[in-house]
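Structure incoming, see below.
Letters are used for the chains, namely A, B, C and D, taken in the order the chains are written, and counting of residues starts over at 1 for each.
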Amino acid sequence: MRISLRNALLGSVFGCALAMSCAWAPTARAADPIKIGVIAETSAISGVGIPNGAKMAAEEINKAGGINGQMIEIVDYDDHNSAVDAVRAFQRAAQQDKVAAVIASYVSEVVLALEPWAGRLKMPMITPGAASNDITKRVHDDYDHLKYVFHGYLASTQIADVVCEASKSLMVKDLHMKTAVVMSEDAAWTIPLDEEYLKCLAAGGLKVLDHIRLSPDTTDFTPIFNKIEGEKPDVIVTGISHVGVQPTVQWQQQQVPMPMYGVSSQATNSTFWKDTNGAADGVIFNMASAPDVAVTPKTIPFAKNYQAKYGNLPGYAAYTSYDDVYMWADAIRKAGSTDPDKIVEAMEQTDYVGTIGRIAFLPKTDTFAHGMRIGEGYITGLMVQWQKGNPVTVWPANVATGKMTFPSFTKLPE
Amino acid sequence: MLALQILIDGFAISSLYALGATGFTLIFGVSGVLNLSHGAIMVVAAVIAWWVAGTFGAGPYLGALAGVAASLACAFVTYSVIVRPIQNSPSIPREEKEIFVLTGTLLWGIMLQEAVAYLFTNNPKTVRPLAQGVVMILGVRTPLNEILTAVLSWTAIGLLYLLVNRTRTGKSLLAASMNPRGLTLLGFELSNIYILVWAIYGVLAGIAGVLLGAFLGVSSDNAGTLTASAFSIVVLGGLGSVSGSLMAAYVVGYLETMTAYLVSPSIRTVPVLLLLVAVVYVRPQGLLGRR
Amino acid sequence: MLRSRTFLIVVPTLLVMALLPLGVGGYILGLLTLAYYYAVFAMSWDLLFGFAGEVNFGPSFLIGVGAYTAALLNHYWLWPIPPCLVAGAFAAVVAGAVLAVPALRLTGPYFGLVTLVAVLLLQNVLVLFAGITGGEIGLDLPDVLSIDDNTNYYYALAFMTVSGAILFGLSQSPVGLILQASGQDAIEAAALGFNVAKHKLAAFCISAFFSGLAGAMLIFYLGTASVGTVVDIAVGVNVIIAAVLGGRRTIIGAAVGSIFLIGAGEILRPLGQLSTFVVSAIALVVILFFPGGFMGRLLQAGGRE
Amino acid sequence: MTALLEVEGLTKRFGGLVAVKDIGFSINAGEILGLIGPNGSGKSTVMKCIMGIERPTAGQVKLQGINVAGWPTHRIARQGVGIVFQHARPLHRQTILEHIKLALLPDNLLMLATDHGVTRQAEEIAGRVGLSGVMHRLPRTLPFADLRRLELAKAIARNPKVVLVDEPFAGLTSGEVADFSALIGSFRAEGHAVLLVDHNVKSVAALVDRVLAMYLGEKVAEGTADEVMRNETVRRVYLGGKIETAARPEREGKDRTPLLDVRGLGVLYGKATALEDVSIHIGEGEFVSVVGLNGAGKTTLFNAISSLVPYSGTINWRGETLAGRTPGAIARGGIVQCPETRELFGDMSVRENLDLGGQHLPVATAATQLDWLFGLFPILKSRQGQAARTLSGGEQQMLAIARALMMQPKLLILDEPTLGLAPVILEQLSKALETLRQTTDITVLLGEQNVTFALPHADRVYVIEHSRIIWEGDPARFAEEAGAGYL
């Protein structure tokens, strides 16, 4: 038998790979830092904000002495926006890297896939950006198993409520609008969103003429806009996240005469103006915090520091992920250990003023168990409009930094 | 009104499909290669055009030029680093070259896609269009950019037609697609012909990519879909038949547009897939293909 | 000679694999668990390509049908896991046969295209009927195989070993011989009196059976069935790359390729986004310079004397 | 005696082309029938129709009285027909014994293990064909003849009533030919019916009981080997009619400069020897014919000169080696081949085909050359706009030659220009060649099996047989010295 050099080479490469993987076996030491896992899609701007925001928070906490002397270490994983990768990352975080808590993803699909694992592996987890109602509904339905999951962002229904609330003053009162068409992408998080839209828009004085759901793979929005235009609504109420740049650009190129208003996750990115070549002008979108609005005293400093450190403004999930680290740190401090049950118990007591408002979690009896409390005094949400390259907050009135303006092709009701 | 709208919108998107598929089918016709990195190359063209025009600040024209140049470079690499070595490799049996070329170009496409995502994120980008504004065509408000997209697509296809049918070089390309051995015997170097074809392909894919970027916007995640759509169009039209591909592009474009308008935008691609299956079963050589 | 050589490589490797839980952490086990299921996907694909000579671009169609059948039964009717697995495997066989009977008349890129389109259609159906299938979000399953890493690992290892043994045995059996002859030169195989279509169909069904079963096992391991996990084109692409990388026509190579792909992806995780880029580049280099793949080289070295 | 295989009125059309027309014959048990004909005569199609690889358009193929025409191949095989392919690709990873076992297997999905009986039987067969010593080796380690033996072994293993053998002796040495003849003879002894398909009578004469000769899809003669060889039509097909020679006007400088010098040329196709130690030379202005039967090695020789196949030995062109030059460079250098397959651009017009040939010339020169060619082949002028594949066979051949001439070759290589052409076309072609020869000082290397066509124009003749040059000389001496051994 003769094995050529190339075989030997090939074999040794493979051997090394296996050997390396074996060398990962964990070695625990006493002065280990407390680890927090961050799972996100790091190739997307809004995705990379999650580890970035978390790292900023960790640095600040460590500078101030850490958690009872123990430093925080952020371990980040790229999930390529895939549920399998995320589950693997989650398992690695829990079993290999022995993190104390996880901050995971802004995609509902991914978070829902992780949720049972949080229960199985008893790993406290919070999502900084996913919106599906199911996340908290499952906690409510199966609290004993899934109590480890917290929802660090508004649920779809809550978001819809914020959008409707704002529409009462912005659309109905200021612009005298009477009708709307709901346009949202076919995805998990938009099902409750749309359901709530249909209810609350009408209640707020906007008659919903049509409800269009589009495939998240859509690239050509011309037929959709034409169809909407044919129905002559005063405004398009959006529920989009997977798509964003493309509909906005086509809306502008086709000069669709009604404003786009509602939820548009990609619009929260600071690069949105550049990605759309300025087509974003006039688009109004929902956000928890904006860089120019002092939602709380922490908001503006965070946005400033973030921009100084990473070169662009934080996306929506960067704010929440920054807050999440602080909340985990507080909970671990209070719990006095990294025991998951104790952390959860402490986390449930959270009353923390972060960058997006005052955060408290709803009790297990609420349908949004472990979701955030919204409304006066807690999280209110903002409506922000892209104006000449800058996001300008237009609602609520007490924190607004400007008035709505629209591109010339927009035809507003008399 | 609706009919006219479908007619106009379908035309623009179809001409873009046609341009995208033309290069793909040209490569298959002349050198028998199904290039699965096609979509990724189009994405590279669009993203580079976006970057040079916007971030780099060179303006839309230079941007478009840079996008096409990038696509050309990718096409050359695809040919010289992946396709040619596989075709010349003595250790790959002839009957398995095809699967190796497919796998190789597929991997290369993934590499391009990941590189774009790494350098520019996978956020969708839109190339600054060369023309802004709208015109009314019989009461249908049509963006100038949409018209420009259709015009430029057809100009590119027309130029290709002239090149192939009216020039000496083009004739040799056509001849190579029919009988490469015959061409060798007439003193032509096939390797030069292949390089030429890949160059033309690079330019076509580049233009298609830039136009797509300006018309609809492109994200690195679209690479796979773009390849699949070119592949379907080319099979529908008949492998290697350029006129078949053009026709198929219109069938696909209009079928999709009509579905989106008349049925629902969320099942836009389904009728096309069903048609494709039916055609492949009933007439595997495609609409205009010869066996 | 070849068989004994393969045996000599495989048995000690399996022994080491069986002993791994004693030495490595839960995370690596979780990783390998996933890799073992992928290994079955890739081995099934290799039976169809390497032996019957048909390039199936849509292994995830078979995987997805198996996985979703099992998932729906478990989710809505709360069937226990074993009957779900069986139903999933048989659904995949039925779907595979429906696809294959007309498709096997086609050759080359056309067969590939039909299998590819099948995946896209399945994906569309799942998303369109989101109310039932959970759409993009997927279905969560009330039952999982186990939450214990070691147990899951042994399930996967045993499943891979048994499937691998059956597929490998089949490939080395007279039927495998006939398949290989049909794949390589269908006319000659027919002239030797073999009904090529029948044998290819059988290969397709066997491939479908193991793909469907592995798909169902995988979702019961993960606890969710989603399009991205078992249906997406990317899943099929990985399967094909793994099989070619490991060495076509070896069955075992396909398993090696899968373990390598998933392992390498993990080792390169510190590179973050670039990891996929690097894995693809490595796979490309292997394909260009070692077309026989990992096992191809090893077996060839043995066959030379 | 009962006929095992009866073929009646067999016809096969491919689109408009009739490849086989109303062929009928029968073979009894223990009989060997030779089916001969030049390339393109339809003999292979007949074989494929019997085996079910092609579906006959009309006619019957009866196996012991059962009409199997139109059945799928595997059923015909199970019914008792076996075939020995000329080019079979063995499986890479299976041993010789496993290949034989494959042929012994039933068509059954549940065959998961073979019993020892099968192995023993396979070993016996291996012994019978002389493969015992290499039973456990892989095909790629074996010489060509052993691979051919393997094909025979597979046929034996199937134990068919009717055996079809395609070109049994191609690529074999004379010693191996004897071995194979004995093996095929043993089929007869065992009561099988055997159909041998080959190019010419000579190679199978010793083995066959009867011969059926085909030409252009039709039967031209049937009888014993001697009868067929004496048959006038057969002689005309292979040799043409009376052999005539004509001297070319003497020119100055002729023969002085050696243009092409081929020495010790050898070519292997895989393991088969296609050319062995071939040396030829051609002087400037000479018209040289290489005559030989199909499969003798003519095309291989020309392809080696054009660098289309790898070779050993040296080929010098005007004193410089051609090694390392691409086929394109060689063609541009003046050696232009007009291959037997013609290699036209079927969907392009006649004019476009010709223009491509003239693309390396300056435009004006190309125009003059085109005019001259239209003078030589007037029919092409009238067909300028027609697509090449719609032309008749003779017109296509003229186009192929004209296209090659458009390149203004120094040396024109013409490979089998007469292949599959009707006699009346041959005359036209012959006239054109003679004009060429008389009015220009072009150098021509012509490969032909049709001696009548090849000799009249030639200044010098080589005879190639079994991959070697066996005779060289003046066309006038051909008839007496080499003509007899031909056919």
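Throughout what follows, a contact is a pair of C-beta atoms (placed from the backbone, for glycine too) under 8 Å apart; a residue touches a chain by one contact, two chains touch by 3 or more.
Everything numeric here is computed off the predicted structure, so don't read it as measured data.
Enquirer: Please report the smallest number of touch steps linking chain A to chain D.
Expert: Counted as steps through touching chains, the separation is 2.
Enquirer: Max contacts between which two chains?
Expert: Chains A-C share more contact pairs than any other pair.
Enquirer: Compute the centre of every chain as the mean of its C-alpha atoms, then state which one is farthest from the centre of chain C.
Expert: Most remote chain from chain C, centroid-wise, comes out as D.
Enquirer: In angstrom, rounded to a whole number, how far apart do the mean CA points of chain A and chain C lie?
Expert: 35
Enquirer: Mind checking the centre-to-centre distance between chain C and chain D? Centres are C-alpha means, answer in whole Å.
Expert: It comes to 46 Å between the two C-alpha centres.
Enquirer: Nearest whole angstrom, what separates the Cα centre of chain B from the Cα centre of chain C?
Expert: 31
Enquirer: Multi-chain contacts only, two chains or more: what residues does chain C have there?
Expert: 127, 184, 234, 273, 276
Enquirer: Provide the list of chain D residues touching at least two other chains, using ranges where the numbers run on.
Expert: In chain D, nothing touches at least two other chains.
Enquirer: Which residues does chain B have that touch at least 2 chains other than itself?
Expert: 117-118, 266-267, 269
Enquirer: So which chains actually touch one another? I want all the pairs, not just one.
Expert: Applying the touch criterion to every chain pair yields A-B, A-C, B-C, B-D, C-D.
Enquirer: Mind pulling up the chain D residues that touch chain B in the complex?
Expert: Touch residues, chain D against chain B: 306, 308, 326-329, 331-332, 336-339, 342-348, 352, 355-357, 359-360, 403-404, 407.
Enquirer: Of all residues in chain C, which touch chain A in the complex?
Expert: Those residues of chain C that touch chain A are 23-28, 30-31, 34, 127, 130, 134-138, 140, 144, 147, 149, 222-224, 226, 228-229, 234, 260, 263-264, 266-267, 269, 272-273, 275-276, 290, 294, 297-298, 301-302, 304-305.
Enquirer: Give every residue of chain C touching chain D within the complex, in rising order.
Expert: 1-2, 169-170, 173-175, 177-178, 180-181, 184-185, 187-196, 198-199, 202, 249, 299, 303
Enquirer: In their complex, what parts of chain C are in touch with chain B?
Expert: For this pair, the touching residues of chain C are 49, 55, 102-103, 106, 108-110, 112-114, 116-118, 120-121, 124, 127-128, 184, 233-234, 237, 240-241, 244, 248, 273-274, 276-277, 280-281, 283-284, 287-288, 291-292.
Enquirer: Touching chain C in the complex: which residues of chain B?
Expert: These residues of chain B touch chain C: 34, 82, 85-86, 89, 91-92, 95-96, 98-100, 102-104, 106-108, 110-111, 114-115, 117-118, 224, 228, 231-232, 235, 239, 266-267, 269-270, 273-274, 276-277, 280-281, 284.
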